[in-house]
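First chain written, first letter: the chains are A, B and C, and each begins at residue 1.
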């Protein structure tokens, strides 16, 4: 607190100009708090949001997504498209051109060699690059001149904005990382902790998993930006504490991802020191129905694989009834408030890909009961639980440990019990649940439960890769060490055919139609995936911090260069 | 000591010839050791009060639900976030579940887990400590084992335990008992070490005392020696460990269920109620107060109980 | 006593090696994966490559031996280089954390100041409060002082720090605005103002932890004093005409110290281990926070190294306690 006032004072005395707004470093100090602490500032060596977003203050890509999901050029002159000739007609290449006169923070010029190097760095087979998928399908990269590179693909790429795009694939300096290729990548501690970048800030001190201190980049391309001379990026604690530091005590200016109960948030916002901002992306909290039998009595090779179909969840009527019994509005009200909205879609955005599927939004308990009655699921033995042919509707419902998810579990259990379905709840530590360890019985991929709940989203704005996860052969099974994203073990040849068609289609309207069809097949046609809430992002910033535009498609602090102090 | 006035009445019975002088026969049997302990215990005000409060808590959580019939997991969404009222004396939580019912249900688990896990840790710790302190040959290996257990990282250890044993325990004892055993076992196995070290330290000093030498010189066996002479003299640190152990077990249980190691998430316990309520500290302060007071009261009452018991067991203090 | 100490020190080497093996196997067995923290969007092939880049493809024993060599051979060389400017360790592979891809020991050294300041100080404060309270409560058993002491210490122990910490923050940071709720680890103390700032940010975490530690230690102190106050030797000492102060503070106290020394020695390694919950609540980001984030991210080399350092301290301080027993009570012999 005192440090901040001190620095503010120092800044005020040195820059006592009337046009304080329009000068680099005029607004003194800004403090950002993330309740997860960054471990490394190289986006190619980590996939953690905390790492990638903190690195986005320093390293920049050719173009970013703006809050509406549109592409905006950053280091590139313009965003290449088929129309402006940047993307070839046959979709086999994309040509990126750097802005002129760009400088690294050490004063040297940014050239196409750096762009090429960034790709080589990540594509090195021994480097363990976390963003390797971004460079998937690239045949080679040609340097056309000092400022231009041409990326050639192995096959037509309808959506070519993967490499050098967004916060996960920034341009790094060749001179700095030259000796850090491949197996040496992890050894370059100094480079990974203080990368030379083109962004608005430069690292002065990095303490892994704790705090980063930065100062304004003297060579930033806009001479008037950033408005702040210094920046502190603190990590650690929990969402509650981060929110409190911005909204109630005013120690920090910006707090990230405040996933807290709505009434707690509202109460904190009454503190009067800051305000909440929210935006929606593609993150959907949903129920996954297991189409395979997770019974522990089965042989481990067969348990929860397609060889053992689920005793009752394979019946569409059951899945549909379970979905109908849920009041999504109430879930939103309890768990997310303004940061959530009920949804029936797996792909809730961007708007061109969102299906108009709203059938699930109204709870219909009687309809659900009637549906089960009609399908023959009635309580024949008087124990309060519906059954058919000796199979009881008894569900094990698991999710990761998280206060909101546990509230959802309790609510859903009550609705299902009203329906005549018995539910046993289980919560699992997130690091195990999402851990993917083939030796653990509790991972979400192994799915040793009947129903599970979590949230998932896709990178960028194009859902193709995401929807392709539900192909027949992509399910986790013993043969592939339980890896894969087809959690439900969904399999439909028609679906696979549509995916193939999508990957060959470039025209946006047609792509949108196909994506909606695929989305509907998984949700309202089969109820394999039961979406609950389209989860937005809530962050908070101090009242006097100007220029914040919350972005869910890219780094949340993507426009920190424009931030300023409101006087 | 309470007056042990031997009540003596002249023998008068049909068995003895009339008029014959008989020796006075003590009618009351010789006072047993445990009787003395009880008499002393009764006179310890703190202990008595602690005992009564503890009994009340146990009664409230185990008998209470028969009188307060709202189900602890029943959600009444319209009644959420209510303050104390006649319908809900302790208020309701963010889903509209009745806090009083949850306190009772939570208390059953917390008290049961707290006492059992503490007892397990105590028995294990005292046993290891006594054996290690008394038998020099076993001291080294047992203390190195203690070091090992102290060094093991708690979280990964618990995760491994749940991975290895949850399935089989569930199958053998059913889900609820299975998880209870797992939790009690996990807490017991990870918290016996301090007791073992403390007891061993005391035993090392005790066994060089004169009375031990005296007892040995009259041929007391090792088992007898430990039970009659050593154990009573290390009771006080054990009692302290017991009270601290209960608090520790109740809190650890909530941490375990948080990891997904414990009871299902809709199953309330005091530790979990407290943890969940911390977020609402500013809006609904009463929600932290109920479980906080319940845990503290339980620990305090057990502490006084332990104090009284320790005093009662100490023949030097008894009768002062 | 000296031979005993040396023998135990020598014996502790195989003990520690065995402990490190057990820890290693335990961590291997524990569910979890270093790529768990990564978002679900990355494809399985990339995950597999990440694992291989971290060295997870190598067999178990190779990785264990590598760790041993790095910990016991290369890291000491780095220390030597650092102290004397030599270059033994140049070009050798140091112990690298999976999360940060940087040398583990550097981070540990970076974290030590705040952990020692906050957790260490709270332990010292805790012990300094606990001993007099324990002694006085025992000497005046069942007096008002004893009752209050008992009440406060039991409350201090039974109310968890995740609650007391937040309560203090709400009162003193949010409502009164006296102390910061976020600990600033970058603060350099070089002036009076900075010193005051440091003091202000330390008050709450130190208080919370000191209360917790003092509660525990004072209970053992009191119980042990009570045991000894009624012994025959106390009567003898009084009969000899020794002053009450000498009787209590020299004779009784010395004989009552054994369990207290045990408890204090058990607590010291935890000081270095940091206080996980308190550090999280106050964002102190010390070694406790380092350990918990490493566990959550399945950063096995980091967890292994930190746990092993604690193991060394545990073995060392338990040895110190054993030696102190002999000093406090010369009748205790180990040979």
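Throughout what follows, contacts are C-beta pairs under 8 Å (C-beta built on N, C-alpha and C of every residue); 3 or more make two chains touch, one makes a residue touch a chain.
Keep in mind that what you see is a predicted model, and the values were worked out from it rather than measured.
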item	value
Between A-B and B-C, the pair with more C-beta contacts	B-C
Central chain (distance from its CA mean to the mean of all protein CA atoms)	C
Cα-centroid distance, chain A relative to chain C, in whole angstrom	37
Geometric centre distance via CA averages, chain C-chain B, whole Å	27
Mean-CA-position distance for chain B and chain A (Å)	48
Chain B residues counted as touching two or more neighbouring chains	159, 163, 282
Overlap residues in chain A, where contacts from two or more other chains coincide	240, 432, 439-440, 442
Overlap residues in chain C, where contacts from two or more other chains coincide	29, 31-32, 166, 174, 295
Complex interface listing, chain C residues touching chain B	11, 15, 18-19, 22-23, 26-27, 29-32, 142, 150-151, 154-155, 157-160, 162-163, 166-167, 170, 174, 216, 219-220, 223-224, 226-227, 230-231, 255, 258-259, 261-263, 266, 269, 291-292, 295, 303, 307-308, 310-311, 314-315, 318, 321, 325, 329, 331-334
Contact set on chain A toward chain B in their complex	240, 260-261, 263-264, 267, 296, 330, 334, 400-401, 403, 406-407, 409-411, 413-414, 424-429, 432-433, 439-442
Complex contact set, residues of chain C against chain A	29, 31-33, 35-50, 52-54, 93, 96-97, 99-103, 106-107, 110-111, 166, 169, 173-174, 177, 180-182, 184-187, 193, 197, 280-281, 283, 285, 289-290, 293, 295-298
Interface residues, chain B side, partner chain C - complex	46, 136, 140, 143-144, 146-148, 150-153, 155-157, 159-160, 163, 193-194, 197-198, 201-202, 204-205, 208-209, 233, 236-237, 239-240, 243-244, 247, 250-251, 271, 274-275, 278, 281-282, 288, 292, 295-296, 298-300, 303-304, 310, 314, 316-317
Contact footprint of chain A on chain B as seen in their complex	73-75, 77, 81, 94-95, 97, 159, 163, 167, 171, 175, 257-261, 264-266, 276, 279-280, 282-283
